[in-house]
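The two complexes that follow have chain A in common; it is paired with chain B in the first and with chain C in the second.
Up next is the complex of A and B:
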């Protein structure tokens, strides 16, 4: 009798103990975000991976979808347009590097006392706040023959005959698109860099100044090592971003005329040709590529970091 | 505390009761309305008493219906009060004079073709939709039938467009012819006295425009994309004079893009475009074309012509002060001494198969009214929908109109399968292939015959993949 009462008390009290209460609270708080995460991220993703093994259209009812094994993946590697589109990412990667260098340059200048610093920060960050679709339309007209860019260059002395067709000429049009991408995102990179530079201890600058270091030396030996983490992060984000660039080519050129990036081609395959399985396989392959790129970059930075230590 | 529990319980009970009530009523509804139909003895509600297009008598059936239906469609322009023709608001006001109890809510979308598919896929879509590109086999999953195809073909033209297994699932909103919209004044100024009837005459006419006027001879509207896909329409009746070509023969044809040697078939259609581009008879920078702007340019005589369906005719007239200058001519291909034009239905109205019985009735009434009473097709410069009606604003002298015959039973999906697998997407958004054709013509990096060979190969592969029988 007494024993069973005791057992009961022990059982009852687990959720009332400090640990039990902690677990309970943790569980309760986690339920909502975890549910959202599973329902809106992992479940759709799992579905997409499943789709990539089927030959199906969006409108095909579930029971009529045909299982094709790895055929879609084989197709991704066999088709010219899928991997050909990845070549375009090189343009965007070069753009991303230019963007980071620009951002770092302006961030360094603006984090010291420059006249009208806040105004410039605002102006350069502003493009990031504009909707990507709007930017697309702005630049479509910007590059149109005889419109904004041509007029400005004409005022500067270039004759209309010598100006290229910014979107028609296949040697140039990808650079035109990359330029819009740089214009849009470099402000955001810059603000992140400024934030990181601000957090560098002021006494270091003072000490450096006392030791007679000039500005480039301060940048190289104090600023750069202190913000290494942010630089690494920005590089990784920019590179993965350039692998999955979509908005600029989609809105400005519709992916036509040799500007169809991987995402644009994927969209075309999924929504026009309705090869949902193939498009899903493309998405999974891109995910793997991004994984590999990220890991390689991590290793690269680890290597650089170690060298710096030595 | 007890009070709260009691309240909760009560709320639960009320909720479950209403829930039960709802399921019960929806479950019983079809049976009930069937009986009511029979009792009201509407003369047309014959036989099994099911709701069909034929059974609705406008102004007599379902006049006491009180419900709200939703309509999803692509005519964003008709939402605006500035629209030159009759707006949705005006149509609805007219409709409510006859059926005051039916409230119609219209949603329009500029990206209709894609968004409509998304709506369908979500399972929660509007009562009436313009049927987007879906496989015919899936029609019955999404839309309710209007009646048998036999019955419907006696009432409306183009009933076969969205039919499957002998049932009809779509009624066209309007119908269009396919030719070329052009500026009469530009053609006259250039010295083109007779409308071109063959590809070479057409290219000559474009050259004359280039030499003698400042206008752009042919505006491709490349950047808009769909304006390029619009070229696909001409490879059927217009280029072959054969009403069975698109739906019955194309799927079985070996190398449909080959040169037939007599300026007909798909080869001749796309060659017109290729030649026009390679000879510089199109706009200077095709990558930055502007569709909305092009309408005004055609109206003002800055453009000679554009290859678009007759639906574009009213828009070009409305785009500027020179409505009288705009004309519509047949496509310049002559088959055995005769020109043909396809007359094809525009988007079809489809009724949500999962709607309640009341909504289905209201939707049926609304669609029949749109078809028979609204004058919609006439206002939009289209061809008549109701069988026997010949009133229209279009005039193609000496051109024979043909409708595409439906696919043979059991082969309804062939074209869709081939389109998807070959990725040519003929008549279903295959803009990219034609944009690429323009690029190759402009950059002179691939000959026309090579492009046609690629398309033939893709078509052949798709035919093999789907094991479709091929005839020479």
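Up next is the complex of A and C:
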């Protein structure tokens, strides 16, 4: 408001003034990122909401698109391959919890002196740096009948007849995929927690050691309280992450045999069957769910922090 | 007496804990390594070896690089690596420049809309990228950006929120008194940004480059969607060559997989410390 008034008052020398310089810098620095943000996030988002009310393909010309109202949304909830796929997220949530516990455990061990600690840390972290497609091949190979996992279990005493088909058997295949997800991401979680544990004041550990506290006590009374925030944050993030789990089923099984998570199905509906309207509606529904989860987590955090202050 | 009992107990407890500690480390270490080692073993096997021996049997020779050479040629991985490097370098440079500039404006100038822009980025971070591609695809083809390296690069720069957060957070911790004294000395805003703040942001830039670099190098979903012609394959999508008719020649596939993550492995070994601290720093944003 001040700017525009000034703009008119001192027209000629305006761009030389501080205010003018500031505006100029702002314009120069903001135009590219904001354009990108609008073109690749907000415009597609608006389009998505619009498409979700139409029956259309990518190639359908604008005037041939059929407005169907809320039909796509009704379909999302009616078709059992759409909304029902969300129940697969439960597997991934369980996996995420296991992953956090493992990460926390190994982070605690590796934050203190351990022989070969750096090597173990590296081994556990490295899977995070492998690209998704490679992961897909590695685990297709790993789980194939008679290959890596079967051989190892055979050596350990299991007979081949009793072993399931890890990626086909519907009782187990989702767990197989969740395991790869844990394999891939737990190291990253662990490194994160190690960072948090390392930032705890060293004198606290020394004092505890002087008082004769043992490892579990140190963990419970010193480590856990000081990394509570980051752990809680990760627990909550894993919920939204599980809802949108996509990579492992996409690259390993391509959603076959009942492993299609919500996004795998959505991807197929969008890019293979080209039901863009339905896919958009699916995306919007999940976005709303994620949005609600995020608001709940914000409230939860507020509550937790108020508790902590009291 | 009681005291002595305590020390014996303590001693036993210590041994048990140490044993459990190393046992669990070894177990987990093995589990992390097993899929990769099996891949490595298989990659060195000849066709006949692969067909006749068990997957975990060691190959006749660890100097048999035939599979690697064949996989490298077949998937055109030299070109793919070049593409990946080009994409990564350009994306990193552009996102560092626009990210730091954006952070500079948002943390140093108070103006109407500052909070709105921040909220816009926050909301953008909630949108899962796979879901967005349903319509981004439409836009990309409308702008004729599909099947061009630069199109993919522009898109990758546009969908970046994490590094912006890192820059904002870091910039907020740099005292504004620096800017103020520079203003008194008559420095322009651009000069303040470029000559004073940008050099100070170095740790944040390293962090952002590591996080972004990993995700760009490994990105395959959009690369597959927007870089369809074979010469445009990146390191990760070049592996798609092995899908289909070669789908069961795992000696070849494993070699390809190993080639694809070797650059990451080398960088990891060289910059372990920076990568770890980058990961840890990137998570603090909340």
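In this section, the second predicted complex is superposed on the first by the 266 of 310 C-alpha atoms of A that agree within 3 Å, B and C clash if a C-alpha of one lies under 4 Å from a C-alpha of the other, contacts with A are read in each partner's own complex, and residues count from 1 in each chain.
Keep this in mind: a contact is a pair of C-beta atoms (placed from the backbone, for glycine too) under 8 Å apart; a residue touches a chain by one contact, two chains touch by 3 or more.
Here the structure is a predicted model, which means the values were calculated and not measured.
Of the two partner chains, chain B is the only one touched by A:268; chain C is not. Of the two partner chains placed by superposition, A:75 touches none, neither chain B nor chain C. In the superposition on chain A, contact of A:105 is made with chain C only, not with chain B. Once chain A of one complex is fitted onto chain A of the other, the partner contacts of A:258 are limited to chain B, with no touch recorded for chain C. Within the superposed three-chain model, A:58 lies in touch with chain B and with chain C [touch as defined at top]. In the superposition on chain A, contact is made by A:280 with chain C only, not with chain B.
Touch criterion met: A:170 reaches chain B, while chain C stays clear of it.
The larger set of touched chain A residues comes from C, when the choice is between chain B and chain C. When both complexes are aligned on chain A by C-alpha atoms, chain A residues 58, 141, 147, 271 touch chain B in the first and chain C in the second. Residues 1, 18, 21-22, 24-26, 28-30, 32-34, 36-37, 39-45, 47-48, 51, 58, 102, 105-106, 109, 114-116, 118-134, 137-139, 141-142, 146-148, 151-152, 183, 187-188, 191-192, 194-196, 214-215, 229-230, 233, 244, 246, 250-251, 263, 266-267, 270-271, 276, 279-280, 282-283, 286-287, 290-291, 294 of chain A are the ones touching chain C in the complex.
Within the complex formed with chain A, the residues of chain C that make contact are 10, 13, 17, 21-22, 24-25, 28-29, 31-36, 38-39, 42, 54-56, 98-99, 101-102, 104-105, 109, 111-112, 117, 120-121, 124, 126-128, 130-139, 141, 154-155, 157-159, 164, 183, 188-190, 193, 214, 217-221, 225, 235-237, 239-240, 242, 250, 253-254, 256-257, 260-261, 264-265, 268-269, 272, 276-277, 279-281, 283-284, 286. Within the complex formed with chain B, the residues of chain A that make contact are 57-61, 64, 140-141, 143-145, 147, 165, 167-168, 170, 173, 253-258, 268-269, 271-275.
Chain B meets chain A in the complex at residues 114, 117, 120-121, 134-135, 137-138, 141, 222-223, 225, 284-288, 419-420, 423, 425, 428-432, 435-436, 439, 442-443.
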